[in-house]
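Labels run A, B, C, D and E following the written order; every chain starts at residue 1.
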Amino acid sequence: MGTMHNPLVPETLEGWGLLHLLYRIRWELVREQDDLAAIAAEAARVLAPADGEGSTTWVQMLGHKADLMVVCMRKGFEGLAQAQLAISRSALGDLLELTTSYVSVVELGMYDMTAKIHEQLGAKFKPGSDEFEQAFDAEMETQRGRVMSRLFLDVPRGRYVCFYPMDKRRGETFNWYAETFEKRAAMMREHGMIGRHYAGKVTQVISGSIGFDDWEWGVDLFADDPLVFKKLIYEMRFDEASARYAEFGPFYTGLQFSASQLGELLAGRVPALLG
Amino acid sequence: MGTMHNPLVPETLEGWGLLHLLYRIRWELVREQDDLAAIAAEAARVLAPADGEGSTTWVQMLGHKADLMVVCMRKGFEGLAQAQLAISRSALGDLLELTTSYVSVVELGMYDMTAKIHEQLGAKFKPGSDEFEQAFDAEMETQRGRVMSRLFLDVPRGRYVCFYPMDKRRGETFNWYAETFEKRAAMMREHGMIGRHYAGKVTQVISGSIGFDDWEWGVDLFADDPLVFKKLIYEMRFDEASARYAEFGPFYTGLQFSASQLGELLAGRVPALLG
Amino acid sequence: MGTMHNPLVPETLEGWGLLHLLYRIRWELVREQDDLAAIAAEAARVLAPADGEGSTTWVQMLGHKADLMVVCMRKGFEGLAQAQLAISRSALGDLLELTTSYVSVVELGMYDMTAKIHEQLGAKFKPGSDEFEQAFDAEMETQRGRVMSRLFLDVPRGRYVCFYPMDKRRGETFNWYAETFEKRAAMMREHGMIGRHYAGKVTQVISGSIGFDDWEWGVDLFADDPLVFKKLIYEMRFDEASARYAEFGPFYTGLQFSASQLGELLAGRVPALLG
Amino acid sequence: MGTMHNPLVPETLEGWGLLHLLYRIRWELVREQDDLAAIAAEAARVLAPADGEGSTTWVQMLGHKADLMVVCMRKGFEGLAQAQLAISRSALGDLLELTTSYVSVVELGMYDMTAKIHEQLGAKFKPGSDEFEQAFDAEMETQRGRVMSRLFLDVPRGRYVCFYPMDKRRGETFNWYAETFEKRAAMMREHGMIGRHYAGKVTQVISGSIGFDDWEWGVDLFADDPLVFKKLIYEMRFDEASARYAEFGPFYTGLQFSASQLGELLAGRVPALLG
Amino acid sequence: MGTMHNPLVPETLEGWGLLHLLYRIRWELVREQDDLAAIAAEAARVLAPADGEGSTTWVQMLGHKADLMVVCMRKGFEGLAQAQLAISRSALGDLLELTTSYVSVVELGMYDMTAKIHEQLGAKFKPGSDEFEQAFDAEMETQRGRVMSRLFLDVPRGRYVCFYPMDKRRGETFNWYAETFEKRAAMMREHGMIGRHYAGKVTQVISGSIGFDDWEWGVDLFADDPLVFKKLIYEMRFDEASARYAEFGPFYTGLQFSASQLGELLAGRVPALLG
């Protein structure tokens, strides 16, 4: 028998496993290498997944937190474990220091859908009954099919990348997890509205990390103008879901580039995001 | 004379001593080794306890916090001290950097049982009297016998492992330790209900660490699908015990593997959990 | 179609991309160098942007957080990425350890202007209509032209530099982002008044970092007498915007010097800010 | 003229200066040594104080925080400074990395006594008068003589050691230092009662560190069964002094051993606490 | 025109620039040196300021935070920058690791004086008028002359040193910067009273660090008996200014010694504070 569908909890759908690996480059070792191109080519090759098995995103970072961010999207944790091992054991690995990371799974939160299904099925079946639970599972499976391309997405094209983790607050006065489902759903709707005004300018990938890493969600933003990150996040900070209930982790920002340009970065030239 | 049984405090029963050791692998040193198989074999051997003396769990970790987690279950702290020394002095030890750890003891919390015994014995004896205390101790010893296999358990088989420490909050408004026994017991009962819906999908090991480490409890989860960790912990976050009173430490996640597969990990191949 | 102008959110105008890089000097390596002057000259050269492309500020720091701060002002993040790479790959780079950094964009917050435009255009057009949004954009573009020299400023001349990041608090009682626009505007006006009393004594550069770094804003102050920093910030701490709503990050302080004096610093002599 | 006796402040009596030094052992260096026994013998010798000058306690630690804890009890800070220098300059010092430490002074807090003296002397003399102050000092000196053996104690024998620092909270609602003397004294009395139930099972050494280190007090517990630490601290967590007002620092736990057994530890064998 | 005198803000007077530099000694390198006396002599010489230009205080520290604290008092930040460079470039510098530091300026806070001047001048001139401001400046200059020896003090002689930074709290209930000037002045008066009872036993140097470092003030205490630090700070913790409004940073403690004794420390002998 499956897990019961708890009416307090928004249903979620999950896609790619996601592993953000942030590295400092040991430039003093890079300088000593004879063949940077070969080192870069090997790293790009061992990090390139087979067709349909995911993707690897390369990002040159700004600031001291990291010089290089590698974002691995894979089917499940086996694929993530394999990717991390591959880079650790590559020649590039010896030129890097892993400074931080993030483990999560692409996630679509379904506040509105959850409420709708509970209501519709609740009219037909006794909540918690086997019939109810089976119909619920079937409906979720249908939803899952509908959003498959968002769960197992291609990496968005934007030149600029912003990554940060976040939590919903559990303060003594404002506690997200103690609010009613309806109040939370309404706040998420308002929050989503703001995002929609930025459609076409920024692409966002939300991933869930409860049970996997220190924050509850990871957010990746992609855009062709980095100022859009600031405008979007600043505007959202005034909606109730963020103003009262969001807790933000560190922010990481950088420039996405093509795997074939990794050698450029090592050689000290800003790598490009090719056609 | 023994310690008095304080009616504010839930009784606990204790089993294996537990030592989580999390290591970063120094891959640049691994590459230089001639005989990784011998190094792995020695480490597996010195960490294997005698029959009935406990067990050692090996986990390949995701992310920067650790590459390898070794979980030692032993009879008492002497056994834990011996295990930590054994790995420190092994050849593998020189290829590792101990990044974090956790010291605890397998613990069963007995909220319902404690209330029941206080009530039953309180009807017969004066609370705090020698008769009361002796009957209480005897009853706890009976309980202990009943749950022996959960106190001195075998390592659960799940391929995926999630570990995190946690506290009960002592906030200025919501303070777990200032709530009545009855309110705490009711919250723990609700909390346990949710866990029961995941029976068969996830196995949990709770250990107590008050007096031993920086958080009050450690939680290990084992499952064959890592998404179950996320679903379970997310759902629990909405119950009152968690929403209002839980404080979570860092989360660690990885893949359990067989001791004989350690050489695979060092060689850069994801190690398997063998039959 | 552009983003809507949300009346809760003060409009901002952006200028130079800004990258603060803070380094510890590895003095034990400096001592071993034969030609410090050549190392310094190369670093100064690769960090000097082309005309109109920005500037680089050099600061000798006090205390353990850093020996050297390099502040890069560039057009956009490509320029910042190029600057960071240039120093990382220079001979100086091998003598440095990047201890911390800050990524931001020069920003003018427009509380009063935002309110005025909303009011004026709201009288003519339906807020949120295409006409309203276009007129709003046009008006902002006019403002932008007016303050161009403050968005793309020259580095202020002051010998002493103070840098710190800050947030507006989102406490359970005092939450900046949950206050009305009018209340926030009034507090910012009072805050600005105090700053104006220090005109001529201190020059301030505000940069926005929401989405880029861990705090919401960065503040750089320049003065010829470092006591002015203490007087100004202490006085401001009593205004409501700071007393109730400001959260301050670490403070960094040092002495600005001319790029051509970098060799002096390496040689152990306090470098000067030349004519 | 001496300091006035402030009726808000409980009097304290002080004994040994106390320095906890926690070290990680550099096992990769240990393996290279020819004569571990000589290194161990030298360390034990230079850390052994003259008769009556204090003592040195050796503890093998569990987990990553430290491999070895050395607790020096000495007469005053000169003795502590000498002890720290001795180990730093010994051959053992080169095999160690000092990861953390704690500076404090053995302290007996005298809540009940303070109240009693204020009352008794207040009936005879004007509080704050010279007569009052002199009589107070004389009475404290008498008390000091009475508890001399607890101020300058021998190291308790228990095999297991638990050390942690703590504060009394100064929250916005629950602020220990803003409570009346009477309320604090009553809470300390309740707190002490619980401790007394564990007499014979655990020995506790309280030391004061206000002005010396980052927490207000250090607590060392010694026992022959480490579960007693968990039982005791868990039970105390429900008393008001702890539930509402205690803030706990990190917890350190390990196994006490005899100085002559140090070579065993270095050789990879759990050292014993000899007869 | 000068800065206006804001009646919410207590006036301050400033003296020496102050730089606390805390170092770990790399003992494994010290052991390899041939001529420790020469290294010590050079360091003492380059850190000795010219007559009237300030002073350098040497302190052997207890615990892991630092082995050595060097406190530089100089005229302005140029002198501090020069001092830090001098030690970094000395032979001693290569044996040290700078673990932490503090940048501040000797400060006398003038709560009572500020109130008095505002009142007296307010009776004669319109507050904020040029006459008022000029008279205020003149009065402050007079005060400055009066306390010159406390602003540009000699290093107090005490054998024991305690240093810690602190803030005034800005909590949601208790917010120092939101209290009236009168309430703050009254609390500072009560706070000062306690300090006065310790006159002759302890000497305190307050320095301001708003705008310079991460806390608002630094406090140095000097005494011939370290227990006085504990007694004083414990007693103060019960006054309202501390109990409700003080936030304390880390505490550092050690033994002051004469510059000529630095070689003793390196040689492993506790250095003395000579006549």
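Just so we're on the same page, a contact is a pair of C-beta atoms (placed from the backbone, for glycine too) under 8 Å apart; a residue touches a chain by one contact, two chains touch by 3 or more.
These numbers were taken from a predicted model, which means no experiment stands behind them.
> Which chains lie in contact with each of subunit A and subunit E?
Correct list: C.
> Going by the contact rule set out at the top, which chains touch both subunit C and subunit E?
Of all the chains present, none is in contact with both subunit C and subunit E.
> Is the contact between subunit D and subunit E built from the same residue numbers on each copy (over half shared) or from different ones (under half shared)?
On the two sides of the subunit E and subunit D interface, the residue numbers are mostly different, under half being shared.
> Compute the distance, rounded to whole Å, between the mean C-alpha positions of subunit B and subunit D.
29
> Can you compute the centre-to-centre distance for subunit C and subunit D, using the mean CA position of each chain? Integer Å is fine.
Roughly 47 Å separates the two chain centres.
> For subunit B, what residues touch not just one other chain but two or more?
Each of 172-173 in subunit B touches at least two other chains.
> In graph terms, with chains as vertices and touches as edges, which category applies: line, ring, star, complete, or other?
Shape of the chain contacts: a ring, since each chain touches exactly two and the loop closes.
> Can you give me the ring order of the chains, beginning with subunit A and going next to subunit C?
Cyclic order starting at subunit A, direction subunit C: A, C, E, D, B.
> Over in the complex, which subunit E residues touch subunit D? Could you list them?
25, 27-28, 30-31, 60, 62-65, 67, 160, 162, 164, 171-174, 194, 197-198, 201, 221, 226-227, 229-235, 237-238, 240, 242-244, 250-251, 253-255, 265, 268-270
> Show which residues of subunit B lie in contact with subunit D when the two form their complex.
3-4, 6, 8-9, 12, 14, 19, 21-22, 76-78, 80-82, 84-86, 88-89, 93-94, 98-103, 105, 170, 172-173, 175, 177-178, 208-214
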